[in-house]
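Accompanying notes for the structure given below.
We call the chains A, B, C and D, going by the order they appear; numbering starts again at 1 in every chain.
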Amino acid sequence: MIVILRENPDPRQLENLTRWLKSMNLEIHVSEGFHQTVLGLVGDTTRVDMDLIKALDIVEDVKRIQDPYKNANRKFHPLDTVVDISGVKIGGGNFQLIAGPCSVESEEQITCIARAVKEAGATMLRGGSFKPRTSPYAFQGLRDKGLKMLIAAGKAVQMPVVSEIMDISQLDLFADIDVIQVGARNMQNFELLKQLGKTTKPVLLKRGFASTVQELLMSAEYIMSGGNPNVILCERGIRTFETATRNTLDLSAVPVLRNATHLPVIVDPSHATGTARLVPPMALAAVAAGCDGLIVEVHNDPPHALCDGPQSLLPQTFAELAKKAAKVRAALRD
Amino acid sequence: MIVILRENPDPRQLENLTRWLKSMNLEIHVSEGFHQTVLGLVGDTTRVDMDLIKALDIVEDVKRIQDPYKNANRKFHPLDTVVDISGVKIGGGNFQLIAGPCSVESEEQITCIARAVKEAGATMLRGGSFKPRTSPYAFQGLRDKGLKMLIAAGKAVQMPVVSEIMDISQLDLFADIDVIQVGARNMQNFELLKQLGKTTKPVLLKRGFASTVQELLMSAEYIMSGGNPNVILCERGIRTFETATRNTLDLSAVPVLRNATHLPVIVDPSHATGTARLVPPMALAAVAAGCDGLIVEVHNDPPHALCDGPQSLLPQTFAELAKKAAKVRAALRD
Amino acid sequence: MIVILRENPDPRQLENLTRWLKSMNLEIHVSEGFHQTVLGLVGDTTRVDMDLIKALDIVEDVKRIQDPYKNANRKFHPLDTVVDISGVKIGGGNFQLIAGPCSVESEEQITCIARAVKEAGATMLRGGSFKPRTSPYAFQGLRDKGLKMLIAAGKAVQMPVVSEIMDISQLDLFADIDVIQVGARNMQNFELLKQLGKTTKPVLLKRGFASTVQELLMSAEYIMSGGNPNVILCERGIRTFETATRNTLDLSAVPVLRNATHLPVIVDPSHATGTARLVPPMALAAVAAGCDGLIVEVHNDPPHALCDGPQSLLPQTFAELAKKAAKVRAALRD
Amino acid sequence: MIVILRENPDPRQLENLTRWLKSMNLEIHVSEGFHQTVLGLVGDTTRVDMDLIKALDIVEDVKRIQDPYKNANRKFHPLDTVVDISGVKIGGGNFQLIAGPCSVESEEQITCIARAVKEAGATMLRGGSFKPRTSPYAFQGLRDKGLKMLIAAGKAVQMPVVSEIMDISQLDLFADIDVIQVGARNMQNFELLKQLGKTTKPVLLKRGFASTVQELLMSAEYIMSGGNPNVILCERGIRTFETATRNTLDLSAVPVLRNATHLPVIVDPSHATGTARLVPPMALAAVAAGCDGLIVEVHNDPPHALCDGPQSLLPQTFAELAKKAAKVRAALRD
């Protein structure tokens, strides 16, 4: 339920209202917009007398919100959320390019790629150390050693770093990781989400490959209701009957999400398509669809990458993509 | 199987080769490109001695093509196909905007909308007269009367017209329709495709909502193998578990198709999303993905449209979309 | 909307009621059950005064039916429909086994298989003459010659025959075919359904591989609203992300359909699974789920079948399946 | 790769062979069947000289296994695995009925239901204490208190208990739980699977609602390669476009799995269908498909259940189902 207040509400009336609402065990989220203030009420609103509240001078309107998500809901928080990652902002018009290899393979590899992507236009560095592999016999990642190499590379090129966490027991190792990524297979690992909700570290939440947009928002809600507002959503393709691509990139999720939530929305065209040749057109399509950023796999030697080589771009290709993306964004702004 | 000839092949050797191939009951499709000529062989190539052919002076290479489609295959026909619709070309760099209402409802309605979309930048007019309705109790279209109104409106604004055929028995009524549309539910109506293959009328072939890209190409193959090369493919969303949109627009089909086939590929963001608000961002995303055109539903009074009102754009919105689409295309060209 | 009449309604009151309803342009379907008579009203019921009708002595209750299907709806027609095919009944407790090859390949083949399946326990013979092939280069069926061979084989073993029609132009050829099958790809070929609605020939309507149960019922509604009540529904697997089977057999469609409609429901485990080894267990599962029959592909020489060999059962295997199916049915009855 | 040994292999030759294989860093899994012994080789078998091994007297055949799963593979372990749960066996012809409420709600509720299901024919008791809820605002389960109540109820009726674990940090609390369940959303929580592989506690592994059968087997492989052979697989419905049921129960997974793996396979018709009315027919269909057991939700007061009420059966209905299931199994055995 939301209470929309008229401009410049009388302070005493407002205090009375908030006190009364709190007495009914409701949490109040205040969202101050340009022309109005919205009080988002979270909790059991069934006994709230909407007409009574509407009658107050300071109240413009009261609406029941059917959506099961509140904190993540744009109706509760009309303005775009801007997540600040050590000075690099994403959301609310701020577009970011995150790039790097699927896995951290060695100090040399990650540093080399870090330099290449920075030069090509990336603003954040990604690299996996805990790899979710379908097979127990596949390369599982360099784990904490890999994280250290990633952090060092990020410092060397002065870019924030993003890496995927697989289990809550690993949280301490992520202290110097700027953005913690929750992978598609962990989107409904509720215990993990609850724990991440207790930190304020930015979380990059990937949509499950068979999760609905609403389920993605409910997982964001898990994190936010724990107290962590810094959630970035990521569309990365869903599972369908089509086998020509690794997943089916659902770009309509971008405008659907931007309408439903105030959180930033980025796109991963690499895991979505599974093929390097398809990454640039789909990345540009994502930009045209209105996303707040891209996360792209880049490798200096794709045929020998330890995982996901076929979908990794050469630094040169990534540089061309970055330029085109900027042009498309400019075309949309006018 | 394809035979790639060296530049400037000796005419007599070429004649001997083609005579020999024909004697084995093979059809030969000659495709002359910039630097090479490709002979596409259609038929039972199992007995062809590839080494023997490779040994010829005029032959550069011989390759077995695994793809079950030949006529539609870019390997057989490396250059883009340009379909000419009464002077309006689509494909090979030529981009077209097709717009109009879901249904022709009256002479006044279709003429009014035709004028509006022409002014807004459309180059072809769409309008349905035979509507595929899931329910027998829903409006089925004005049928042949509607086709006549559409043809008249197209003449009035000097735009070619596109309309959907539901059954082969209706073919005569489509004599003055410039492009015959085969709807998603008829993509595997093989008898209909065979008959359309016997004409030379351009066919707009929509992807079935649960058909793979390969099945779409095989349906194109049905039409082409009948002798009709004028096929335009259309991605319009596939059926998935996500319910936030009417279908899931599979934009990766655009680069996948443009790599596999030489036929033009357009996108229908209206039926894909089912919601007017989502049509502009997805249309722009389709343009950024590299499509050859868009087919968009436009209505002057969506709340009272006889079908698909919720996904129809007002002419004004369509005009803005047309401008932005041109900008995005310009951004990609540089 | 349905009007439920009390037992033994006064004839004069009933006549007045039906006359009044017809004056409002409504069709009335009378369905006499064991303890009550139900009047199913089809048409625009928005102006009908439900309270006025409920007030009549003869009326027990009036309910608006939300379901978009009426003729096919069990609420309109509470008793099971029994379709009579030249004396062979299906539905309402009558279980039938339909078997035969995917395609009619020759007189010898179809006659040989007809004898084998009859002996093994089949009660109806299937065989395709018009084959829906994804590729135009694949065997398309023996067409009208094949239908003649099928009819002859059916006569020889005294079993009704089922065959698939691809296009309405073929209808005359099906005069002596006992059950006309509409394939999955034609489930929404609305023109075909409308024409089949004008006959009284039993129609076997297969669920589209990406159609919902409700869409299947709406397609049945197309046929029934044309005047043909003899519709048999068939679940044959739906398209999903799983590739271990050709389709995913959705057996829950059986109890879902039996609850929603009064029409008989059978299952095709052959096209669903695509693999002979999986056909017997899934056929038995279908019987346990409560279906009214099975349609199974049987061939005397599967490795050399002209189509769908991998999913065809040898007559011997089919005979064992028929025995087990009878046992499972007996186990359910007690 | 597997090495199939002739009957009664000479011991010395066998010792030489196994020593040589181990020297190449391969793990050897010995599987003694009725007529042959199979050595399953796990590791990098690329350098193994198959012809050399085939030449040995004691060797009947050597085959490369393409399947990425080894431990779970029936080719490595031809005989059915029987999992022994405190004397209750499942698999290899042993069929078990697991029943109980979705959640443990109180001591009274779980004890009451435990008694009812035991009397009705269940052989194991289920009850959730850590509930995976899509919404953070929904009932999350009684957690460790609930586990204690479940264990007590199980002791009271002398039935082993099954309960779902959500995170590895909870493992100690499950010391007295007989079977640890890994839910659908955790099927690819690889860190959790690795840890469960280090115990010998039986694990009930549910198929992810968008996971392929092969991915299910790879997740089983994670557990088994850790050293825990006691894995029971469970099909519980997959996510598709059909909305008439909560999920689409994929019963063909039963024969597909029984052919691919030696592990027991059970079915959950409750979460699959989401509707109590559909549970009995689908449960019987699962039995007819050849599963090793069922896990069914039963509640004494479904309208007031704290979760999944609509799909819960009353004890009476469950009792009838248990009887019918026994009859169907008997019908299959003859």
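To be clear about the criterion, a contact is a pair of C-beta atoms (placed from the backbone, for glycine too) under 8 Å apart; a residue touches a chain by one contact, two chains touch by 3 or more.
Quick caveat: nothing in here was measured; it's all calculated off a predicted structure.
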| item | value |
| --- | --- |
| A-C or A-D - the one linked by more C-beta pairs in contact | A-D |
| Copies subunit C and subunit D touch via same or different residues, half shared test | same |
| For subunit A paired with subunit D, centre-to-centre distance based on mean C-alpha positions, whole Å | 35 |
| Whole-Å separation of chain centres (CA-atom averages), subunit A against subunit C | 48 |
| Where subunit C touches two or more other chains, by residue | 210, 239-241, 243 |
| Subunit A-touching residues of subunit D, taken from the complex the two chains share | 68, 132-137, 166-169, 185-186, 188-192, 194, 208-210, 215, 218, 221-222, 225-226, 239 |
| In the complex with subunit C, residue positions of subunit D that touch it | 210, 212-214, 238, 240-245, 248-256, 259, 272-273, 277-278, 281-282, 284-290, 324, 327-328, 330-332, 334 |
| Touch list for subunit B against partner subunit D, complex | 210, 239-241, 243 |
